[in-house]
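Next up: some structures, all given as structure tokens.
Note that chain A is present in both complexes that follow, paired respectively with chain B and with chain C.
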Partner chain A sequence: MSNAVSALNAASFEGFAKVSETGLRGMVTLRGDLSGKGVKQAVKAATGADVPDARRVTRGTSGDVAWMSPDELLIICDYQAANDVVAALTGKLSGEHALAVNVSDARAVFRIEGNAAREVLAKVAPVDLSADAFQAGDFRRSRIAQVAAAFWLNDDGSFELVCFRSVAQYVFDVLKVSAENGGEVGFL
Partner chain B sequence: MSTRLATGGRLLNKGKQLHFTFNGKRFTGFEGDTLASALLANDQMMMGRSFKYHRPRGVVASGAEEPNALMNMGEGGKFEPNQRATTTELFDGLTCASQNHWPSLEFDVGAVNNYMTRFFPAGFYYKTFMFPKFAWKHVFEPIVRQSAGLGKVPKDRDVDTYEHFYAYVDVVVIGGGVAGLEAAHKAGKSGAKVLLMEQTPHWGGRAAVDGGEVNGAPVADYIATLLAELDAMDNVTIRTRMMGAGVYDHGYVLGYERVNDHTPLSTGPRHRLWRIRTKQIVTATGAIERPLSFAGNDIPGVMLASAVRDYAVDYGVSSGDRTVVVTNNDDAYRTAIALKNAGLEVPVILDARASGGGALADEARALGIRVENGKAIAKVKGGKRVTGVAICAQAGEGAVLEEIKCDAVAMSGGWSPVVHLWSHCGGKLTWDETQSHFRPDPERAPTNQDGVGFVVTAGVASGPLTLDGVLADAANAGAKAAEAAGFKAADTAAPTVTATAEAAMEPVWMMPQGAGPALRIKSWLDYQNDVKVSDVRLAAQEGYESVEHTKRYTTLGMATDQGKLSNINGLATLAGQLNAPIPAVGTTTFRPPYTPISFGAIAGEARDAVFQPLRRTTIHQYHEDQKAFFEPVGQWRRPYCFPQAGESHADAVKREINQTRASVGLLDASTLGKIIVKGPDAGKFLDMLYTNMMSTLKPGKCRYGLMCSENGFLSDDGVVARIDEDTFLCHTTTGGADRIHGWMEDWLQCEWWDWKVYTANVTEQYAQVAVVGPNARKVIEKLGGDMDVSKEGLAFMEWKDGKIGEFDARAYRISFSGELSYEIAVPASQGRAFWDALMEAGAEFNIMPYGTEALHVMRAEKGFIMIGDETDGTIIPQDLGLNWAISKKKEDFLGKRAQQRAHMTDPNRWKLVGLKTVDGSVIPDGSYAIAEGTNANGQRNTQGRVTSTYYSPTLDCGIAMGLVHNGPDRMGEVIEFNKVDGTTVKAEICDPVFYDKDGEKQNV
Partner chain C sequence: MLTLQCPYCGVHAEETELHAEGEAHLKRFGPGSSDDEFETYLFMRENPKGVHFERWRHASGCGKFFHAARSTTTLEVFGTYSAQTLEPPQDIKDKISAKYPGWSWRDFS
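Up next, the complex of A and B:
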């Protein structure tokens, strides 16, 4: 695994907010019946987290779980643990129709932090990012400018954002432009 | 003379002088000036020339409606044409130039058009450019192109930045005049989240200029109070320099914020386009004063009465020493009074109403101003500047009673509410007889997704023109919007308003009302596009009865100002000529944006490095370091070839192929789509998607498959690997990955929702490298690991998981080149390391990367089709001789039925063959096989076309694939393909497999 490198090797930029690539992160796509007992138990066992409500992310002892669609979850864990999570989920769900797959390497992750972090995203994502509408634990599968992305708000006020690895440079560049000094909007 | 007054100028900071240049001349102004007010203060009344006749034009208005004062603004990377001087804030160092003249603003050769006026009637273009036929291309079009456009085209790259911003609120209030402030205040008090935007840098709109008292104090005090309270509300955002550009369905509003136009050296974006979702919209957009149609109403110095007043009060600028006021309403008297109070001369007020004005008229008379009722302007005298007016009776035909010297004319034909934003999304208008204007009909508001109105108008924009009516309407609008957005309107005390009573206005569409042709041809409706009363009347005479037709025939309202001044006067003139009531004629359609917005704002951040997403594989940096020549494939850039020093692309391709066929080459195949399909019904699902049978594939095995659309056309292809009983991995083309994944989900979610199948697009999870050539196995074996990649251990069309070197790998024994080939997938984060390891291990075999062109040539040598080359959306697998890949056993698959239709089974469909040139040359790409005779259009008949054509280094000659009529039955026949130079190239029809037909090389 010593050969494994993230897309941008922890690049970062400081404008009116700070944007940085966080390095490799474990990610597992789970598709199944989210309301079923099987998925709930499997997710709990694998991460310690509950199945989140729509557009939310839940925290567990060994992973976070984000709602991607009515039949899809994204499990976020340590990079090294992703294959074990897949195995655990697959094992628990062997009796029912479900799909768990490691997608860690298909992704890049960014953190956006600072007082005006919301505005960095609000320039490039069609999402209501006001403090009352987007709170800690909220999650959106949306877009950043011209590409798909998903992001959530942490308890410390920072955002984390997931995009496809191939467009990591594009997303980083867009976030840089968005966070450029002098571009503060003063709305959010 | 227009000049700066000693007093007045409430918006100016006279302590800060600013320098600017106009047409190379240096001028000064003050902070707070607009470019227009600063030019006027320097006696620069003439600011441009009209489009068609190149007539001298001065500023007419003081705001967004200005048709004349358009500037080429800035220089180099900050150059932008058609900028309105009235909405451009002055800043130090501003540089601008007037437009549409040569060689200079004062002396313009194009003004010769002016003397040809009678030869440029309405519909001139339609009438002139019809005959003779050849003349359009060779005479008219070059002339029209030469004279087209007002401003210059920017030549340099825009140095500024732009951005978008998404905002979500309950109520948007557009317009920060007293009505907008009142409405926002009312809505804000309810607790609703309110965004109030004002296009100018100032709050309060016209109220402070027009006067009136609220709660016993000047209205300006009330505005200050409202502003302070709005500022203190956490739920209210107020922004100046932000125009409501457009209203769209579902409460979508575009706000155009000019962040740095007035401070061009600041950091940050120049413009910001706000993309707003709101529950309710209040349009407090005010009204625009109408010009009067009298002869010479376009001579510089003829201005709207409100503008003359604005320049005096707001900017301390006199538009002339002697200003004649001409009006059909009481409001214009305020201009006369303001000028008189500023110490300027008003020789006469011409009131077209026989009965004259009310209290304001009395006030004017009391100031000693001569007021003439029932009088009108027969014509304005002057050329580049007003020198006087000839007075006549409004009721007559223009017999001159008296001439009065003056250097400015302030005209007012009444006020039209700004209904644009109300109308953008379907709000309807009603004709107000009392005010002779169209105003929004609150019963027919634009409706949202629930069929409920989502736009409310406030203040003058609703119709009422007096301060008391405006404030009452605005408070009501604010409350209504808040309630409709789900809040409870607060009970706030209504302000007490003291407004001056006004006498009724009288519509005046022609001055004097009986003006004959000589006056009508000099009475302008649309200043920018040179449309006169005579033109609209002519259009009506020639049968253009619809206002939309008249608009296009005369170009009325089609200029950059979109007829803000001319619209109502034009359609009233049309109605008069048609002898129809004005509401029956109606208005033209109001479309966003309200005033032009910059292309930069529309593009937002999408320029330079982030113009478009560029997808990069994890091996991309290697390709860049090798200075690969790239080609776009979807949003990827794939290496076309890897030229070495001094090598042409063709030579590089040849070298890459020869090396690969002789020894070993590497291809970055990471971009190929990889989709996991899992579930008890996965086999059944893939049997429907692919034309061949996939459900019978054994785990560990691979199978090539074709996908068709429901219409039978070939859509994608690729190798499917069966991972386990329930799981398949489908490879797609590079460009097809997202599309095919979407296609699968479409069928699963919309049609076969009860099938137990899940998909996941794992394209980017893996870096995939094709190791190709007779030495491929040796290279892989050299890396070590636990995977047996021998012929027996991993046979052709099998796959296997294991370790190659230290890498977790999945190897597929598949070949798109005809050579011994492994496509090896490793986790993407290790892709570059794996590639480097292969390069190192292959060094002794002179391993080289090869690009997409080598890939294409090698597959063509093998007769493999390429989606996008052999297919173009009209090709079915049967056309390509792929019948072997179409299952006859399956009851159904997507495209099966379509492929049985008569046109698809027509034996005359062109079919795929190989083509080998007789002289060894390469058939040009896109070439057609010619046939005897010509078609109905006199074009040469064809019997086929080339789909792929290359120089084959392996065969050392030109090879091609093509679709040819009855092709497979014509083996050995020589046909001719056309070339761009008119000659042809002969090619023999042959088997499309040129190389190793028995597949011995890939199966070793």
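Up next, the complex of A and C:
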């Protein structure tokens, strides 16, 4: 087997907030009828998590589940476990109109942490990131400057952000500029 | 800045998160249609000053297509609604009528 490496090999930057690439992460896209019993049971069996409400992320014992659209979920798990998650979902959903795919190597993940982590994102995404509007467990698909990205807020106040691997360097550079010391806005 | 609420994910998306996808409720004329019908389907579009119906896509978001009813002059948005329909819902038509009595757009009024 080849030695898998993440897009930026865990690069990090310390400004008024810390931006770091998290390294290899498992990611599985699941498409299907999210309101159906089959998907709910399959997701529970594969991750231990419930199917999240719109724009939310739920936690499971072996994976987190994020709401991407009315017929799409993103499951975030250990890199090594992604194929097992796909197999579990596919097995449970046999005969249903559903599809699970391992997309781990198509993506990059960043963590943004620190007191002003909200500001780093608020400057580069058209999203209301005030404390009232965006809370722990909230998930949002949007864009970071010029490219598609999705992010959620963890209980510890850190954000995690997913983008395509091909634009990992661009996203990292944008986040670094946004987090540069002296660039604090002090509003959020 | 135009803001439309995506009926699929509920996000109040601002324009830069969306992609305009042209006129709403077009009826497709393909194989078997006359040249006139095909030409009309391809090229003839409404360009109203006022009430207009459009298709949009939540491109940097949930990815879904949806419909929007708005005024091209004031940018007032009367509402957004599902793509899986052939005409605007009654409540949106009522809202438009309250503001623009006697309005019409193609076959709708």
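Following the convention adopted for this analysis, the second predicted complex is superposed on the first by the 186 of 188 C-alpha atoms of A that agree within 3 Å, B and C clash if a C-alpha of one lies under 4 Å from a C-alpha of the other, contacts with A are read in each partner's own complex, and residues count from 1 in each chain.
The rule is short, and it goes like this: a residue touches a chain if its C-beta (ideal position, glycine included) is under 8 Å from a C-beta of that chain, and two chains touch if they have at least 3 such contacts.
Quick caveat: nothing in here was measured; it's all calculated off a predicted structure.
In the superposition on chain A, A:178 makes contact with chain B only, while chain C stays out of contact range.
With both structures placed on the common chain, the touch criterion links A:61 to neither chain B nor chain C. Looking at the shared chain after the overlay, A:3 reaches chain B, while chain C stays out of its contact range. Applying the stated contact rule after C-alpha superposition, one finds that A:31 touches chain B and leaves chain C untouched.
Which of chain B and chain C touches more residues of chain A: that partner is B. Of the two partner chains placed around the shared chain by superposition, chain B is the only one that A:166 touches, whereas chain C remains out of contact.
Of the two partner chains, chain C is the only one touched by A:141; chain B is not.
Looking at the shared chain after the overlay, A:102 reaches chain B, while chain C stays out of its contact range.
With both structures placed on the common chain, the touch criterion links A:126 to chain B and to chain C. Within chain A, the residues touching chain B in one complex and chain C in the other are 126. Of all the residues in chain B, the ones that touch chain A in their complex are 161, 163-168, 193, 237, 266-269, 272, 275, 277, 604-606, 609-610, 612-618, 635-636, 676, 678-680, 756, 758-760, 762-766, 806-807, 827-830, 832-834.
For chain C in complex with chain A, the touching residues are 8-11, 13-14, 16-17, 60-64.
Across the complex, chain A meets chain B through its residues 1, 3-7, 24, 29, 31-32, 71, 97-99, 101-107, 119, 122-130, 133, 145-147, 164-170, 173-174, 177-178, 180-185, 187.
Looking at the complex, you find that chain A touches chain C at residues 54-55, 68-70, 72, 126, 140-143, 148.
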